[in-house]
Amino acid sequence: MAEITTDQAYSQITKLGAEPLWRHYGDLFHPEPRSAAVPHRWSFSDLRPYMLHFTETLSLEEAERRVLMLVNPGLADPPATVNSLFAGIQIIMPGETAQAHRHTANAFRFIIEGESAYTTVNGERVHMRPGDLLLTPGWHWHDHYHEGSGPMMWLDGLDFPLTNSFEAGFFELFGDRTQKSSVPDDFSSRVYIHGRLNPVWETPQTASSPVGNYPWSETERALAAIGDDVDGSESEGVVLEYTNPWTGGPVMPTIDCRILRLRPGFVGRPARTTASTILHAVRGRATVEVGDTTFDLEPKDILAVPGWARYRLDCASTSDDVVLFAYSNRPALRALELLREEALAD
Amino acid sequence: MAEITTDQAYSQITKLGAEPLWRHYGDLFHPEPRSAAVPHRWSFSDLRPYMLHFTETLSLEEAERRVLMLVNPGLADPPATVNSLFAGIQIIMPGETAQAHRHTANAFRFIIEGESAYTTVNGERVHMRPGDLLLTPGWHWHDHYHEGSGPMMWLDGLDFPLTNSFEAGFFELFGDRTQKSSVPDDFSSRVYIHGRLNPVWETPQTASSPVGNYPWSETERALAAIGDDVDGSESEGVVLEYTNPWTGGPVMPTIDCRILRLRPGFVGRPARTTASTILHAVRGRATVEVGDTTFDLEPKDILAVPGWARYRLDCASTSDDVVLFAYSNRPALRALELLREEALAD
Amino acid sequence: MAEITTDQAYSQITKLGAEPLWRHYGDLFHPEPRSAAVPHRWSFSDLRPYMLHFTETLSLEEAERRVLMLVNPGLADPPATVNSLFAGIQIIMPGETAQAHRHTANAFRFIIEGESAYTTVNGERVHMRPGDLLLTPGWHWHDHYHEGSGPMMWLDGLDFPLTNSFEAGFFELFGDRTQKSSVPDDFSSRVYIHGRLNPVWETPQTASSPVGNYPWSETERALAAIGDDVDGSESEGVVLEYTNPWTGGPVMPTIDCRILRLRPGFVGRPARTTASTILHAVRGRATVEVGDTTFDLEPKDILAVPGWARYRLDCASTSDDVVLFAYSNRPALRALELLREEALAD
Amino acid sequence: MAEITTDQAYSQITKLGAEPLWRHYGDLFHPEPRSAAVPHRWSFSDLRPYMLHFTETLSLEEAERRVLMLVNPGLADPPATVNSLFAGIQIIMPGETAQAHRHTANAFRFIIEGESAYTTVNGERVHMRPGDLLLTPGWHWHDHYHEGSGPMMWLDGLDFPLTNSFEAGFFELFGDRTQKSSVPDDFSSRVYIHGRLNPVWETPQTASSPVGNYPWSETERALAAIGDDVDGSESEGVVLEYTNPWTGGPVMPTIDCRILRLRPGFVGRPARTTASTILHAVRGRATVEVGDTTFDLEPKDILAVPGWARYRLDCASTSDDVVLFAYSNRPALRALELLREEALAD
């Protein structure tokens, strides 16, 4: 073999399906993570008129699930909002329904505006109000219906970038357009939400939370109960995580959901985490530095915080509490021993 | 050796510290458990006058912790209420305090009457109101103080029969009579109780729940939220277990605490469990069959239900909801793979 | 009520099933554990002749399971060897069988002498040789048969003091005198013991180890592989714990089994643990201090080490390795958060 | 807004960073997974001469780690062998060393040929022989040295496609070229491998197995002990998984490693799993159907089995046992609740 040149050898092994690692090493092993995602803000007020527009110009047949995908400029194909995760904004109008189906991707809805719609999740009708967090964990049947009068909009969070990346995505139609109700309406939030009390006669069905709806009214009570004399974390203030009643852990195996409450004047300590995060402004106006960019968040805006980016929350110029909803792929990273989190110097 | 008789041999081995198992087998291995405890009811109204009496006749020096031990007639020495568990009724009067200490025994208080007292648990002042469940898990410092006006009474639940049975009991005095407050008052119930939301900036310190107080107001909200159209279990109706927010499991490693709500007319299916249980009537009047005995529970009464005894809850003649508080050694039995539970035929 | 005396009040509440805690407090809460068990050694060579005697003078009908119970002088009624645990020495003679049964008590056998007997555990015939550790976890059917020529003796370890203390003991006869073989002989040790390799096509059936026999040949290989340049722990030298292949944890939920190898001249650092331990000398002569007593262990002797007793292993005057088999209730204490262990000053 | 066309609206929202989900739905949600990887076989005998060639023509400076990456034809950029996983073949020559480093990617080596080399993993020198499985779990320092006489080759397995896909890859040089030895040579396999015995004085440091080397000699003993009368699984025969002694689970959080032994004439039942698998022929010749393709595996060949592909193992025409080494991303999928496995009809 010594008679052939190195280039000839490279060419030959390519034909055999091999490549020299030493020519690619630096591309594969980095001193620290580089996210393909970029920090990015989506303005809700800019997008809202188009969402209404599509309800007028496109029939349900043309666009049954009217969701605007928030595509990170660095993650166009396949589309994602940050690593592992997707954010979209969905709108439904009175009288509209969506065909019942299920997928292995885990999903939730965080309600932005509107009332009197419900989703049916594995036979439970779950009603929605602004600020509510509704879960449709992987492989749970779900559909929805809108009995109210105005547009209904919510933030759709899914992990299909993760399930697709693992080539583990399944999808199935229910058959009938909608599911029948098989338990009392809002059963799970009625029996699971209050006072840390578990319904002993129920049995966990999956690793995900059985709670269909974590209503905003309870989140507000929690924030009120904590009051003003509790500081929370240096970086993020009072941070509350929605939990699975059977485990105390995250609501779904790959996604955690949190509420952050920042006091007027709060300036967080910079931090970074290998988890990729999506923030949604529920109330108030915060400034968020991510990497080299500073974003002013208006209410209802959505912000992509790539993994391992330095970020800092700043409410120095706000006069009211800021409340943020955040979700990330932290549970997946923790389960795979890939989570690193650290506070940084100012 | 053949020259000695069997009786001589028995006598000789006894001197060597041995005994023939075949002469004791039937005493050690039973077809099914026989509890030394007997079903027994303690009448709160009968005991209450004596508790007040002792506050008048005995100084704090003579009886610092005025607790009436509810001693099961079958478990006199050492005293216990049922297997593994103790129930007592404690009274404190305005201005009284108790010396700060800790023990490996796990303990809780379920408040029966009175207001304006607090206990300090590991530096957190925890206030008490009727129906509240307060925890003092093993090896947590605790003391109490009464700033109110009338007598304050509660049910004391402990597992010292279990910790003593395992010869694993430690006890220590704090030194100072009372602890200083080191976190905001009622911190833990403010940050842990509402909406299934966990304070992310906190870290679990023990295997026990970090919640100082599960207030009755929240338990009532839970029962109200569940409403009338949910049946719960065939044997016990709507049964809610107080949970550890970090695990979703029992509040302490050896004791679980539950609330049962029985509708007027409810007649439970008979059942039995190897767990030993103590019931306390919070509201309403129920009839409880345990083994061959039938007990009429008046409000605030306490009932011992020995392990593996057939029991049946009966509200056929009640016109209001019955609410029971129950605690048992189920978590210990489950951890040791000794829990068996079954429904029985009517 | 003020008109009655305190003594009258005491008398009255006794009739109501209550006792004043303040008169018993010191009996129930101790600064540290006091074991009812005492340190005690049983001489195997003293007991052996009596065991043979009983095989000659008592028929199988009179003494089907010829087990000498090693009863701790402090734990006579009910009998136990240390807290939670029992040790016995069993003898079977050629041709003898024992009726198949099961009990919730967990059990093991550590073989002392003899060959060519087997036990059938849930349908698997498990053969025995000296030094082998055989498991019969709770509620596993078991019987035995002796096809060899001389007496067969083993150490029986059980946790019936613990299961009885929790009033959770069940016992059942199989019906037929012996079980049929339903898997290949010694299946579990063949597929589970070697090289840390798990048989993927098998499924855990219980929380206990599925291994019927941890053969001495493998234990010896382990000790040989470790060799002489590894020190192990300061108190106990090289300590190896038999593990459940599915969990890496103890072989049964309430009992751990360990091998200790002490080099000639080894003098361990004193230590204590709330776990109660039974030692059995497999090889060599060690001196063991327990509390205030010093014991010289001859091969095959058995020693009770009560919980929280200071103990120290001493091989200063031995010229060969000492090998000890040890079992304790450590897993139960750990599961209930009652385990404390500490090294002490010399 | 109604005055603009739908196309104009699409164009406008694109500028705002959004896309209509309804135009992409079918690309993102599939009835079942489609792997980008294709079934592919790499011939060891074809690649071996080139590996030797590179050792002659390239200096260590030019190619310090001489690894041929086995790049799946469907997974070129970034390169991977199957979803989540990488396989490479590494060669080192006598006297060669490699610079000590660590990375968050988990890695192992399965030795193909050569002797007298060792790797140092976190201070432990681990020697290698053919058939040995050596672990270098994430963030463990490692380097290697070859003191023998011929070429040393091994299969390198890593999960950097997974860690990079999660943007959680870190890499660090040790500083010195090689680590110093800090524990006895081959310490971990000496104390952890034999007889299911755990060294009690050691403490788990990570979620990965502490075993540096699972030697082939032990794997062979395991296979010999199982013998010929055990069938194992219908699809894969006798399948043994290398386990973490502290957990009984997989050796690393994202990768499991297994040995399959197929008897001559064995024809497996077809199956599929969402796990992506790489097979390596240790001994014998097997035929493997993957999807629509049939591969004849020669000893030392490597085969990519994409997730959810139907596969079938066939030894109908072999006269000796076939032994395969297999690794997959099953632990990651299981942790994220994405694992589905099923047997198929013939």
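Labels for the chains are A, B, C and D, by order of writing; each one numbers its residues from 1.
Following the convention adopted for this analysis, contacts are C-beta pairs under 8 Å (C-beta built on N, C-alpha and C of every residue); 3 or more make two chains touch, one makes a residue touch a chain.
Just so we're clear, the structure is a prediction, and the values are computed from it rather than from any experiment.
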item: Those chains which touch subunit D and also touch subunit C; value: none
item: From subunit A, the most remote chain by mean C-alpha position; value: C
item: Whole-Å gap separating subunit A and subunit D, where each centre is the average of the chain's CA atoms; value: 31
item: Mean-CA-position distance for subunit B and subunit A (Å); value: 42
item: Centre-to-centre distance between subunit C and subunit A (centres being mean Cα positions), rounded to whole Å; value: 52
item: Pairwise touch network: line, ring, star, complete, or other; value: ring
item: Residue ranges of subunit A touching subunit D (in the complex, touch as defined); value: 1-2, 4, 6, 9, 12-13, 16-22, 24-25, 27-37, 40, 42-43, 46-47, 49-50, 52-54, 56-58, 62-73, 78-79, 83-84, 88-89, 103-105, 138, 160, 162-172, 206-208, 253-254, 274, 276, 306-308, 329, 332-333, 335-340
item: Complex interface listing, subunit A residues touching subunit B; value: 184, 187, 189-201, 211, 214-215, 218-219, 221-222, 225-227, 229-230, 232-233, 236, 238-249, 258-259
